[in-house]
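By written order: A, B, C and D. Residues from 1 in each chain.
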């Protein structure tokens, strides 16, 4: 079972200029990005709440108000929508039911910032989120402050019985907000990437390491237990359980994800032109989308490859894991390489017990350093420290699996609107594992199941090869 | 392992008016709808070939030429396209490579009647199949006769070594043609259903039986073997193998599929209006498609329910299995009923060893009787004869499962164009099991895996409830 | 005022195999394609009715039933729809109101064959006309015979007062049917042109004449009268009137339409790539449609130009008028040529007084000769016979004008459903003048106003240059 | 011939906070919204330039940066796009060709802010203007200042010969900018109207006057001269000429536009449900768009009508002219009222000689008063002062005409990119006359021809009835 990530002490200054006034005075706030081991530690819960909420705002800090309004495809939401929606979550599931005398700041926000909870009320059409210039960014920040103020008051005043309920819901709300932190990163990347001015949010990171040569680790067949039951000590999503037995055949896994350099070889050998390598739907996607490379790759006038990143347009890093590929591209690459995609259970078996370390998102870093929101080549020395097994199973890039997203045996969605969180998406999506450079630090487990449609490319998605023994 | 279906002796007259002249004189043709146990029995192979080919033509017999041209949605192909495409299959994979001196009847047919084999050549756009008035039906029948003539000659002249290859490919070609026989039924039903004149192809079948009360059968958990390796003695598709072990938890299955009467109760309790019952994509499909009932249901002026069938518009049979539902409707019904959909492995475990009997398609019946191409209520006496377990696991309606269509462990698609048959569709589809009233008699196995996108409704698809023990 | 076209005696045999039995015995039917000068001549009206009705069927004679079902774009209707709709017109506006005891053959036909008369009832969606395999062609022919029988009876039995009404409506109905004869030609051409088999309905016509060199005719400015008031002696559509004065500036007109050879020069000088030549909407149409030539032009492997015609795919005739161009292409060509499109009034002024002769549609020709449904180079000797003015103002190709289709001063649409005939289309369309090779002989006047959206290319549309003096 | 609008003295303060620094110090700038009578008066040209440029910025003053980014339909451009594009016009047609040493601020702006000039270079796709968060509003304001600085320098340094060219182009550029001022108003209205928060930019204007009873003015038939040749003394667009003779029949015009109250009666009598009142394309637009009222009308819970305006959501003013209607609605209303739409020539004949007064846009008003950007009921006393003829021919609402937008006789588009300004849109659009409350004061003439597609509703478009005598 994954332990909590190591806490980092972060300075007041790190929290950025946008921090609402109402939460001032938390001078020595200890950064806390996982739930406290004991949910009854109210002070730790408060630090957890404030850290995660401030993290979201730190991500918005380098953006202009204009950046936060734009929607460039239906899957992308404007930054300010994410900032408001995550507050709406606390308002709807915590404050309205449990904070006596709570009055919403604006009744219309309920329509505007409900994402998909059918049981809660009507929703603003998703593809029209970019039509909304109001509330402005400043008004959204006021909304955040308003909700934070009410949340802090509620946390302070709740009796012991209510606290039990609250702690579970707050933890869910903060994990939900962390998921939206990742979407803030991937959505604004899509927005900025459309712009011929190629805006950069952060300075480019330095030279990357060399990728180690690919090797393979073998795993025996047999019955394994995977998944995780929900448990008050430590958070997990409902879709990670119930814990259950599965039967695996012997398999092997590559030591690291496929790199840009390797993927370039696939391209140069005509990978995108050879129908037999592709799933049928994938071939259609290639044809209709005119795909010739992963998303965000660009060809310079001198023929060299470059890629658009949140750090600007930079030369393609051959050693870094390939990213922004669909499942179709992952599967075609694996076919070309004479391998296959791993099952989600295979990755879970390989990852369990490993320390939860990797290149994860740290919106507020020590000394105010900018985050590095791009996959990096695995660090050889760190890798050797982790043992002989597969490296980089956590962080950098989500790894597509051959497993469609479906319910584990015995799974039942919770009742009520909260039950809409995960279960209703268990169709037409594929599972990804391991987290990415945009996944918040502290928001990951070996049992964590991410899922996207097979054609999605705007997430930091990559692949690791597997094969039968 | 499924035995061959019982052979039926069929008269010359049954073969219909469209039978091409070149195959005349097979007066005492023994109907043969499964491959002979020994592929070296050439006469039996010849009978097998002729029976299946004539079956396709028998399905076209009640149609006007005008019916065979129309395409009412991209998924639907005109009847004459099916009749030509199945011949193109023999021309492309048997005659061109193996029949010396074979000259195609028309070079352009290669473009027009390739369905999706990327490795074979360019293809006519699927949604534009209904743009083709030529070749006419008569010309397509000439094409069939031309191919049949060449095939019979090839079968006669092939030496022993070549015969081994041919027999495998012929068997594949005939199973392919049987699949298209099912599509001929479901596609023409879609075409005729759009027409306000409600044309009937066949006379309505008589009174239906009463559905037996629903009961449950229990199955123990543990390791089972499922799937079937490809094997010269008896045909199976590549996607049914390799045979492999899986781990099941204890489960129970309903004794029969859900009936129209039961589904009507779901409708009347607001099933189509209650978002929490639905998968997210399903709710979108309901909203966008304006779905209020299964496909082809109609409300009469007096408020009673009717349904369009290939036998005309008839009163809805409350006892018959509900059909023409998407996976979304199947899953919403199961949710509403407090149950779940079965896994494909559960249905296979339940079905194996059962006799391959059921309401399957018989295009040419004894005495020239019309086929009954609509699900029927299970026959109680037949059911009791089959024992206490689940009834109607074969025939009537395909049963949606909770299993997405993916490769079995160790599966590799065959190389070459034939390898495009199944593997490349292993994404974004769900498995259905058991066959339907439109599945040709003799074209079914307990290991048989059918697959369609979750939103598909024009197949004879239904559901059976399952639950955990 | 246009006189009637010269009558042709046609033999029984010419009327084709599809002629319904009910009108048999009209052995010595005199062909009559314009209304009799005196509407009270019942026998002439009867001949007029039968000639026009048989003409429609003659156009269907070379078609297979499969051809008559297909719809290849929303603007195209299946042949059998035209054959049925024109009968529905007589049923709806003549038989139902005026024939006592008339019972419709099939009540559903009212839904299926109403084209756009909102005041009459609901309509089958135009883009779904190709979904209808039933009624079959044979059933549509029965419908025609049924309506014809009732019409002949009505004409025979009507008293004098009713006859006055009937004669006007019959004349309208037959002119309506003649319009649909033209659409039968252009729609089936679109259908067959999609087919890689390039079917030919008729044998190719022989060698074409050489086009005469282009010259110009001058016309003085001043006030002219154009249009034609509706008048019992001779038919015209409501939109041709009222007759009214207009003011023209001096202008000149080219002696003949632009030829394929001339248009080829425009293409070779990059006409389709030079945005400044094009109207803004035209440039969008070129880009979106990928237009590089007029519709139906094809490039042979040897680089020569060919075109698809109802007579099969043939070498492009450099001398014949260019056709199947949109208004956008016509306007771009004129811009390139330093000229402009004529106003509709200019063409009317030039055409009036000229004999109504030209290459018009003759579905039933003397001696059973096949019609020539393709523009031909103007015949020099015929041209010289017609004088020094512009040639070919009638027939061969409709000539696009710079005039948008709008009401003449004082125009009011007739009341009732018949009023929907023309007036409601007076927006977003451009006027064409002069008739084409697919316009029925006898269905033309110098005041005749045809109209299509600027992007339409499937009609036999061409252009003639004009300029200011 | 229209005289210049009366100049207004405006204070420095009026120019708003966004005025770029580089043009500071124009303390006593005389507001000048029409070209000086003598184009050689450089100081007046300078004032003209600065007034119009500052007017655009005054319109942006009440907007948040977020408002200026959003695009809610392809026809709508973000405010900041308008602000940049109008500057690009000066950069492209004035500075680059004529200002020596001019260096563009950013080379990419050429791609981003070209609207439709094919001859100038590639263009950013119009429907994707809302994808651009960068340049930010502040950067766009910097761009404006940069262009203004270079323009002022160019104006100062140009020799006499160059000045002649410049003065003509500057006048065109400023009239172009004034057109975009109108679009800024109508586009931001569309953006804000989608927002359930109903933002208001300005305080609502006070009580409106009562509309005078409708009366009619008669005009004789005969030959009139309309249009205006381009002329150095006073600006006009190329499409307003050449001046030419037209022939009109006697007609009458309503004394004022149709009011909201009158239009409500049309609605209440089922106007939107009665197909016979509508043009065919109009009826399709009503059905597809679900139109039940003019755009921006809303029904309050108490059943009363309200409308969204730039002054917020307010009760519908029954006396004010109806606006935000398509040509289809205008034509249907006229049909219902037993009248017709006027021809553009009829409106021009009626308007000429009248003083150029009306409710026009004044972005910077005396004393800093907010503009009133909404149609107002005609002021009775002002009306009587103007004589007995039709009132309100200028300002408040553009009046749809029955005239399609086409070239006047003898019109030739200017050569070069500037020639793309008007001529290439002469197809598929209808003419509107008279200007609206969003048309800048000083930017109107009796000969002015505005044009939009018949379905457009987001402009301040209304109608005035006409009929034949």
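As a convention for this text, a residue touches a chain if its C-beta (ideal position, glycine included) is under 8 Å from a C-beta of that chain, and two chains touch if they have at least 3 such contacts.
Note that the structure is predicted; figures quoted are calculated from it, not measured.
Using mean Cα coordinates as chain centres, the one most removed from chain B is D.
For the pair chain C and chain D, the distance between C-alpha centroids works out to 42 Å.
In whole angstrom, the spacing between the mean C-alpha positions of chain A and chain D is 47. Centroids built from CA atoms put chain D at 63 Å from chain B. Counting only pairs that meet the touch rule, the chains in contact are A-B, A-D, B-C, C-D.
Against chain A, the residues of chain D that register as touching in their complex are 64-70, 72, 80, 106, 108, 111-112, 124, 128, 130-137, 191-192, 194-197, 199. By the touch criterion stated above, chain C contacts chain D in their complex at residues 116, 118-119, 223, 244-247, 249, 275-276, 278-283, 327-328, 331, 402-404, 406-407, 409-410, 419-420, 424-428, 430, 454, 468.
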